[in-house]
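One chain, subunit A, appears in both complexes that follow, with subunit B as partner in the first and subunit C in the second.
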Partner chain A sequence: MTTPSYTPDPTPYVRRDVNPVRILTFTIDGRDVSAREDETILSVARQNGIFIPTLCHLDGLSERGACRLCIVEVKGAPKLLPSCVTLPRQDMEVTTNSDRVADYRRKILELMYSERNHVCSVCVSNGHCELQNLSVVLGMTHVRYDYIYPKHAIDASHERFSVDHNRCVLCQRCVRVCDEIEGAHTWDVMGRGITSRVITDLNQPWGSSETCTGCGKCVQVCPTGALSEKGKSVAEMIKRRQFLPYLQMMRREGRRAVAEGIR
Partner chain B sequence: MNRVRIATTWLDGCSGCHMSFLDMDETLAAVADRIEIVYGPLVDAKEFPDGVDVTLVEGAVGNAHDREELERIRERTHILISFGDCAVTANVPAMRNQFKLQDVLKRGYVDNVSHHPAVPDAGVPKLLERVRPLHEFVAVDLFLPGCPPPSEAILLALTDLLEGRTPEVQGKTRFGA
Partner chain C sequence: MDIKSEPSSRSSGEPAQTTEDRRWRLVNRTMRMHGNEPHALIETLHSVQEHFGFLDLDALKYVAGALRVPLSRVYAVATFYHYFTLKPPGEHTCVVCKGTACYIGGASSILDSIQQEVGIGPGETTSDGQISLLTARCLGSCGLAPATVFDGQICGRMTSAAVLERIRRWTNHDTGD
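Coming up: the complex of A and B.
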């Protein structure tokens, strides 16, 4: 592997004494809120207890804007904007839950279901799945689009884990956690549009990957049953994500210590 | 007092949703004097009757008979409920959709048998190329996902309909079990 030209860093430590951050004010759903200029609309909404549904977002990973479920209306903007990658501006007026937004979110969810084979009843993640939960939260009781029923394989070549592309929503959490936290960058995305899928190394069986450390972080952050531990049957795959905030905190403190010359 | 005429049926499904229906237990008995079950696997009627108020259709549309039956039910029913994941999403029966129908039949009736390998063609309805959910064929009035839908959700939907309300089942049931 070649040395990456930069180190991706989801929460960079920037010296604020020489780069003072501006505070600005805007409104979310008519409420006055204040934010640092480098915070996303999603982050500000969460701090103020305003619910915006998300799927690809995961605290501790960089934002990707992949799922589009966090779209919001911004007054004056013709398009809906993904709040996880949109920064606020002074006096911006954001609406998180209009009929238009709710309708598009439902459509996005339906398209996700129609694009792969999400058979919840026989899935390892049944009952513990973020996609399944979102259909309840967003009131999606059926899919109005024709299902595509694509033919997807399961790669069970890894000793401890398997990947079932039938359940993948291309949120890229596995790609990000492997790159940003584990530092292995085993996962990536291949293909375009509807033919996109996650791959290990250069599209080779996971079990033959030379970069995979077998840490299992990708499995734990996967929102659906796409990545699972072997030996788990229907509804048995419960993801454990506790490691992520701890790792983030330790690394942030480490960077702070280095920057402040403590060690 | 006119009883509300209710029918149930299952197409390409496993009868699990009907088991959940029966799991209403004594609550089913409590509404028994207000409903009449006029058709379904639980009663003896041979043909789907006219003028049914509510029909719960379990199962996906997997063969020509399912499709005819569903269209007949739609004509004769006021409120059609897509009952359970197979009806709503085609669910497990649709897992064969990833393969060609001829390959599926060959796998089941030729490749994996040791005696008289032959695809049956007499006395059984013709399978459709793909298994599909109900609403791709007919208009559906209420979707009750779940594998199976919990009996509480079925009871809620039925009692709401009996009281003349539009059933609100959000949060009471979901895809999967």
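Coming up: the complex of A and C.
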């Protein structure tokens, strides 16, 4: 007999502010699917092997709905809806891959590129970058908008990591993993609109942060080369995220044990 | 993070009298009124700004500790809202409304002429600390568009010339030309 290999529970983030008992049925791309009332359209699609691109979503973190790449068309709804934060309704008809959706997704990507300085050829994450991969998958060949070329600094004050704001897409994964998993909440986003920027503590050099534990979770979940380990050269930064579903599961178990008075 | 004691040195340069400082007592009262809960953050920042004129880093740190809100979240909130300022205000402040009605009424050219006159843009203070220029998103006085506020006093139907006249009163510039 072979020992079954261990795979962490991939249960995605579940919203608990709605009654979680009802099961409903609806269609995605013409396929009949069933879902619990508290599951997102994205999560149901993934369970059924239907691809929806995502950038800010990460299994194991709460949803932010920040990137809008997961938009889908819902019959009867005038707007496209972000599937990572939209719950299904009975008999909803969802389309994940219409021309309209594909066109909008490419536009969103192009806007992301135009907003900062994403120069892949000199980036530590070249070849392992989620933004780059999405551009390939979604067929983005060029950017139709004027680049803004903002002047953003690199903060290399931390002993082991650095942050290059030129590559940041403001997905807030770093903010969420630091808050929800590590519990430090070192990161947040300052300002608003085009001037938004991720910060550590009171917008101070990362290396001088009082709250950073140096765990590196933010670096591992960052989809681009914005957060990286020092000493990595072009294309050398490969992120490791396998810890996330595991930690999420153990946190959940820990909370349950406390609630049930076992611990 | 432990709760820090009130910041001792305020940039106003007055003697460090911390707990005796009436202004901090007022800020503390605001927090207490909300049970020192994290959700009192915005209310508390308002209180700090009202009593000190701006939010400096020591104050943000103090509020973060007292309300148990992460430092970065406090900074994020303080920089999200236009109303809050992290820099000491000038002796005088001029707010130019850039709401829709005032924008159409010519707020941009008013801002341009201020920039030409005293060399500051929105959010900036003259180097002598005399005048701060701010913008607002609709003051609720659209009937008076374009509207500006000089040291808390609202003035409607402004022109560049009228605004500069008010500013020169502050700068004591010879209106010579």
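Simple rule for what comes next: the second predicted complex is superposed on the first by the 235 of 263 C-alpha atoms of A that agree within 3 Å, B and C clash if a C-alpha of one lies under 4 Å from a C-alpha of the other, contacts with A are read in each partner's own complex, and residues count from 1 in each chain.
Simple rule for what comes next: a residue touches a chain if its C-beta (ideal position, glycine included) is under 8 Å from a C-beta of that chain, and two chains touch if they have at least 3 such contacts.
Note that the coordinates shown come from a computational prediction; the quantities given were computed from them, not determined experimentally.
Participant: Should subunit B and subunit C be called a clash or a fit once both complexes are overlaid on subunit A?
Facilitator: Here subunit B and subunit C can both sit on subunit A without a clash.
Participant: Output check: A:Glu210 vs subunit B and subunit C. Expected answer is one of first, second, both, neither. What do you get?
Facilitator: In the superposition, A:Glu210 contacts subunit C only.
Participant: With the two structures laid over each other on chain A, which partner does A:Asp201 touch: subunit B (first), subunit C (second), both, or neither?
Facilitator: second
Participant: With the two structures laid over each other on chain A, which partner does A:Leu24 touch: subunit B (first), subunit C (second), both, or neither?
Facilitator: After superposing on A, A:Leu24 lies clear of both subunit B and subunit C.
Participant: Name the contact category of A:His185: first (subunit B only), second (subunit C only), both, or neither.
Facilitator: So A:His185 only meets subunit C here.
Participant: More residues of subunit A are touched by which partner: subunit B or subunit C?
Facilitator: Comparing touch counts on subunit A for subunit B and subunit C gives B.
Participant: After the two structures are laid over each other on chain A, how near do the C-alpha atoms of subunit B and subunit C get, in Å?
Facilitator: 21
Participant: Where on subunit A do subunit B and subunit C both make contact?
Facilitator: After superposing on chain A, no subunit A residue contacts both subunit B and subunit C.
Participant: Can you list the subunit C residues touching subunit A in their complex?
Facilitator: So the residues of subunit C touching subunit A come out as 1, 57, 60-61, 70-76, 79-80.
Participant: Can you name the residues of subunit A that touch subunit B in the complex?
Facilitator: 113, 117-123, 126-127, 129, 132-133, 135-136, 139, 141-144, 146-147, 149-152, 234-235
Participant: Contact residues on subunit B for subunit A in the complex?
Facilitator: Interface residues on subunit B, with respect to subunit A: 82, 85, 88-92, 94-95, 97-99, 130, 132-133, 135-136, 140, 143-145, 147, 169-171, 174-177.
Participant: If you look only at subunit A, which of its residues touch subunit C in the complex?
Facilitator: Touch residues, subunit A against subunit C: 175, 179, 184-192, 199-203, 210-211.
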